[in-house]
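The chains carry the letters A, B and C, assigned in the order they are written, with residues numbered from 1 in each.
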Amino acid sequence: MRGDRQVHPARKFVRRPLRVAAGVAALGLAVTACGSSSHSSSSPTSAASSSAPATVTFLNWADAETATSPGITAMINKFEQLYPNIHIKAEPVSYTDVEHQALLQYRSGNPPDVVEMQGNYTFDLAAAGALQPLGSFATSSYKSNIIPSELKLGDINGQLLAIPWTVAPFGLWYNKVDMSKAGLNPNDPPHTLNQLLSDAAAIKAHEPNVIPFGTDTTNRTYGLDQNWPFMKTDGAQPFTGTTANADTPGMINYLTFMQQVGKNGYTVVNQLGGKFRDPAAHNGVAFDIDGPYLEGVVLSETHETEAQFAQTWGLTTIPVGTTGKAYSTPTDHQLVMFKTTKDKQAAWTFMKWLSTSDYAISNYTVPIEQSIPPLVNLGSQSKALLTSSPFYKTYIDDILPTVILPPWGPSYTAAYTPIMTTIQSVMTSGVSPSSAAKSLQSQLQSALAGS
Amino acid sequence: MTAVAAPVRLAGPGRLRRWRPGRAAVVALILVGIAVALAPVYWMLATSLKTPFAATSLTPSYFPHHLSMSNYNELLVKGVVPFKTYLANSVLTSVIASVVAVVISALAGYSFSRSRWRLRGPTSVAVLATQMLPLVVFVGPLYLLLLDAHLLNTYTGLVIGYTSFAIPFGSWLMKGFFDSVPVELEEAARVDGYGRLSILFRVVIPTVIPGLLTTGVFVFINSWNNLLYPLTLITNNSHQTLPPGLLDSFVGEFNTDWGGMMAAAVLTTIPLAVAFFAVQRYMVRGMTAGALAGT
Amino acid sequence: MAVASAPAPTVSGGPSLPARRARSRRRTPVFDWMALPAVIVLAGVIGYPIVRAVQLSFTNSNLLSAGAAKSVGLQNYKTLFTNDPVFWQALEHTAVYTFVSVAAAALIGLALALATENLGGAWRILRTLMLTPWGVPVIVVAFLFYYMFQDRGGVVNQALTSLGIIHTPILWLGTGKWAMIAVIIANVWSTTPFFLLMFTAALASVPNEVIEAARVDRAGPMAMLTRIKLPYLRNAAVLGSLLMVIQNFNNFPLIYSMTKGGPVYSTTTLVIYVYQLAFDQFHLGFASAVGVIWLIILLVFAGLFIRLMRTNPA
């Protein structure tokens, strides 16, 4: 609307020459006025008195995805109904951009209050000094009901900077329809990486249009999170602290496996993990490494029931490599509060309600995110829902015990690009895994030295 | 301008006969050209009219079997994606940037064309060369500059960004148009006692309306297409424009909604296509007069 | 013909030459305020950032670190030249992407302009249809080709398979070579109309007397094309290519939306690389150093071009 005013002087002085100078001057004024007014309009909110409802901005990606957006909107509406003095302003942003966005907003002086975070993103924002320590808000009664390992996820350098919202580790989803069509036993998913390769070969031979193996190989921290269990199970850990350790037999094993996957076209290289979910809804992916969200997206597209989904899909632990041990990493979503938040108590109330209330868990965390709540003792509604879910037992009994934490932090931020581009290069070219490991070692050395 | 001559050409007796094999090749080339130009556009339209589930099929059908407006409905009515906000912001910033840039470019172009300090040959190419400066090199410093000026997340910041990069080419284009206006016209007006500005706006400008339109559309297209600036200078959805908004909405983590993406693509194309085809005729003349004669 | 394009030369500045000479004798200001707004905007929004970019390139400025940026001298440049293979790859990809795209689009645009040259009346709608891609925003081109180039569920592979041209899906965006080809195809589709328009305009400005004279001399179609028309198209070709080279050197939306520069670095051009350094890895200092070098390369390129224009005046 401010812009409209600018158009008029410009249009007029095409016809009325004498007003040109005035028009240009007015334009300049309009531009500066425009800038300063929008600047000043942001500051008075701080002066909002305690009687007016507090506004909490909530930067999140749940609101940016068709599968979860209606759900999160309903949660916010319910919360505002319960707490009429708190207004939640949701700002949707895609998962891939949330860190970038939160950081730029922080640097540009319009930071959000509460942000949905995940994995290494939290550590980056902590390093930037943007996050509010939550120790004074998290009472002992709050803490005592949170699964200890989940609470530890948000503990960065001895300070609680993030609280857990959803628990969602990676697992191996297998499509029984595709396995049957390829002559595989639909109830015998691959348990080792070699079995995975041979099953993928069978899928490819029988159904050329099906992606045998959905795995995220994008150059981002999520890509490394997803590949970390595969490295660990082959005995590889490409770096520890600031020490590069990539030129090892374990790493070469792992890269050899990935080269097989890439060379035989078992996956789509450089594809976001989420991009395998739509083909999965059409039975177009046989084995998919994913968190629990796969179910939510498939159901939102096919409109099937949970039971029908469980007939098509099975869930198990990620296959094992040379060490014989299965691993997984978390994709858990967390909530953080920015230091700059004006009404911290209101923000905390919202964070706590969204992540721990029985209502939010039984209406959002479980049915929409398909995730496990981070609580030790569940509310009655949540409990009933969870125990009826066909995959809950697999998560609790099989997958959660295999979860390890990737070494998130500044080293991880420095290391993910060299590692992921090395993975992509063995998958898309004939470079030998051993020379790739050597080159990765030297890349990591210089990257970690700079971090 | 070729309208009058066309029938004559086609009916030219010797031509038809002599060009037989050549004509077949020409016809084939035209048909292939049209097919290649239109097939992706057809595919965009067809996909946008499929149901979301049909659009993600692994063997997509070439025709939408059940026409469905649900993708458009989702964008324009139900609104998980704040599409209308993005659209309004894109229109607003691109139009303002076009107007501002045309005014500044016209003034500069006239000055370059008429003053002693005018641009010719290589010098005018040098002005053009500023167009070659990579946006991306500036985007970091520009970010910090607008941060200091409190212009991040404002339309003003975006308009400044769009305008500054349109001015070099815009001035150069306008200079070409002004060069083609006979100075005698101005001399006559001067004799009649008009001032310099009056001459410019009463006498010269009316003869270069196609130039103004060409320049305006050029700026509009570039602004409409700009992804880099809004991606970095706008971090607030209420001020976001279409390119980053759509990128954010449809290339997210959870899934890919091809049907919705294509519906958004269709709606994003319409304003630009309308603007483009409205002045397409002038663009040809603009290129001849402005660009070709300007060097 | 004679009647047809007669107005064209007028538009392209026929009478302006004598007019210019007449003008230079008049009282004209050396410099006037009319260029001032342009100069101010350029100085503020281009000049200042250049200075700032150079300044930043000598620091370790990082959006992630809480503290202020420190000066690191020439460190960024040293790293760039001695220990950053990606920079050189990005430089190469920029050159390949730009020159292949421009050459292909120019040749196709020329062929189509010649093919549609004699279309008249309502038939000219055919040319307009071919211009359609120019009305499609770049972000939409990116989405559209990203969708069409999906290896499974993408219409390109589906069509190629049903025509029997391929038997296994081409991994368009999943392999380095194909990913570059895919973004170039998308780019050529989107920029060919520009050349079609440019060459159409230039063909219309070929003087009719020249064509008539050639016809009287019974010049064959090939001779007509190579001896008569092409020389007149030279300027359009040079200028159009320059404009498109500039645009493609700095093309960000298409590649960023289709591949984000991957897989590996196979489609990482300098623009993508600088953006990722600055806004994914937040190393504003190092990104600025890369940007400054890129700027110098472009200035050298522009200088060479200006030389070319000077030795072959229009």
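Rule of thumb we're sticking to: a contact is a pair of C-beta atoms (placed from the backbone, for glycine too) under 8 Å apart; a residue touches a chain by one contact, two chains touch by 3 or more.
Note that the coordinates shown come from a computational prediction; the quantities given were computed from them, not determined experimentally.
Asker: Quickly list, by label, the chains bordering both chain A and chain B.
Answerer: C
Asker: Write down the chain pair with more C-beta contact pairs when B-C is set against A-C.
Answerer: B-C
Asker: What's the farthest chain from chain B if centres are computed as the mean of the Cα atoms?
Answerer: A
Asker: Taking each chain's centre as the mean position of its Cα atoms, how many Å separate chain A from chain C?
Answerer: It comes to 36 Å between the two C-alpha centres.
Asker: Distance-wise, how many Å sit between the C-alpha centres of chain B and chain C, to the nearest whole number?
Answerer: Spacing between the chain centres: roughly 14 Å.
Asker: Show the residues in chain C shared as contacts by 2 or more other chains, in ascending order.
Answerer: 37, 152-153, 279
Asker: Tell me, which residues of chain A touch at least two other chains?
Answerer: Within chain A, the residues that touch at least two other chains are 24, 104, 107, 209-210, 279, 284.
Asker: Identify all positions of chain B at which a residue touches two or more other chains, and write them in rising order.
Answerer: 56-59, 103, 160, 232, 247, 251, 258
Asker: What does chain A use to touch chain C in their complex?
Answerer: 24, 100, 103-104, 107, 124, 127-129, 208-211, 217-219, 265, 268-271, 279, 284, 413, 417, 421, 424-425, 427-429, 446
Asker: Could you pull out which chain B residues touch chain C in their complex?
Answerer: 1-10, 18-19, 22, 26, 29-30, 33-34, 36-38, 40-41, 43-44, 47, 56-60, 62, 103-105, 107-108, 110-112, 114-117, 121-122, 125-126, 128-142, 144-145, 160-161, 163-165, 167-168, 171, 176, 179-184, 224-228, 232, 242-243, 246-247, 250-251, 258, 261-262, 264-265, 268-269, 272-273, 276-277, 280, 283-285, 287-289, 291-293, 295
Asker: Tell me, which parts of chain C touch chain B in their complex?
Answerer: Per the touch definition, chain C meets chain B at residues 1-8, 11-16, 19-20, 22-24, 28-32, 34-35, 37-39, 41-42, 44-46, 48-50, 52-53, 56, 108, 111-112, 115-116, 118-121, 123-124, 126, 128-140, 143-145, 147-148, 152-153, 155, 158, 189, 193, 197-198, 200-202, 204-205, 221, 235-236, 239, 242-243, 246, 249-250, 252-253, 256-257, 270-271, 274-275, 278-279, 284, 287-288, 291-292, 294-295, 298-299, 301-302, 305-306, 309-310, 313-314.
Asker: Report the residues of chain B in contact with chain A in the complex, numbered from low to high.
Answerer: So the residues of chain B touching chain A come out as 52-53, 56-59, 74, 80-82, 92-93, 95-96, 99-100, 103, 143, 147, 149-157, 159-160, 197-198, 200-202, 205, 212, 232, 235-237, 247-249, 251-258, 260.
Asker: Which residues, counting only chain A, touch chain B once they are in their complex?
Answerer: Chain A residues touching chain B: 2-3, 6-7, 10-11, 13-18, 20, 23-24, 27, 31, 34-36, 38-39, 61, 63-70, 91-97, 101, 104-105, 107-110, 209-210, 222, 272-275, 277-279, 281-282, 284, 293, 297, 301-302.
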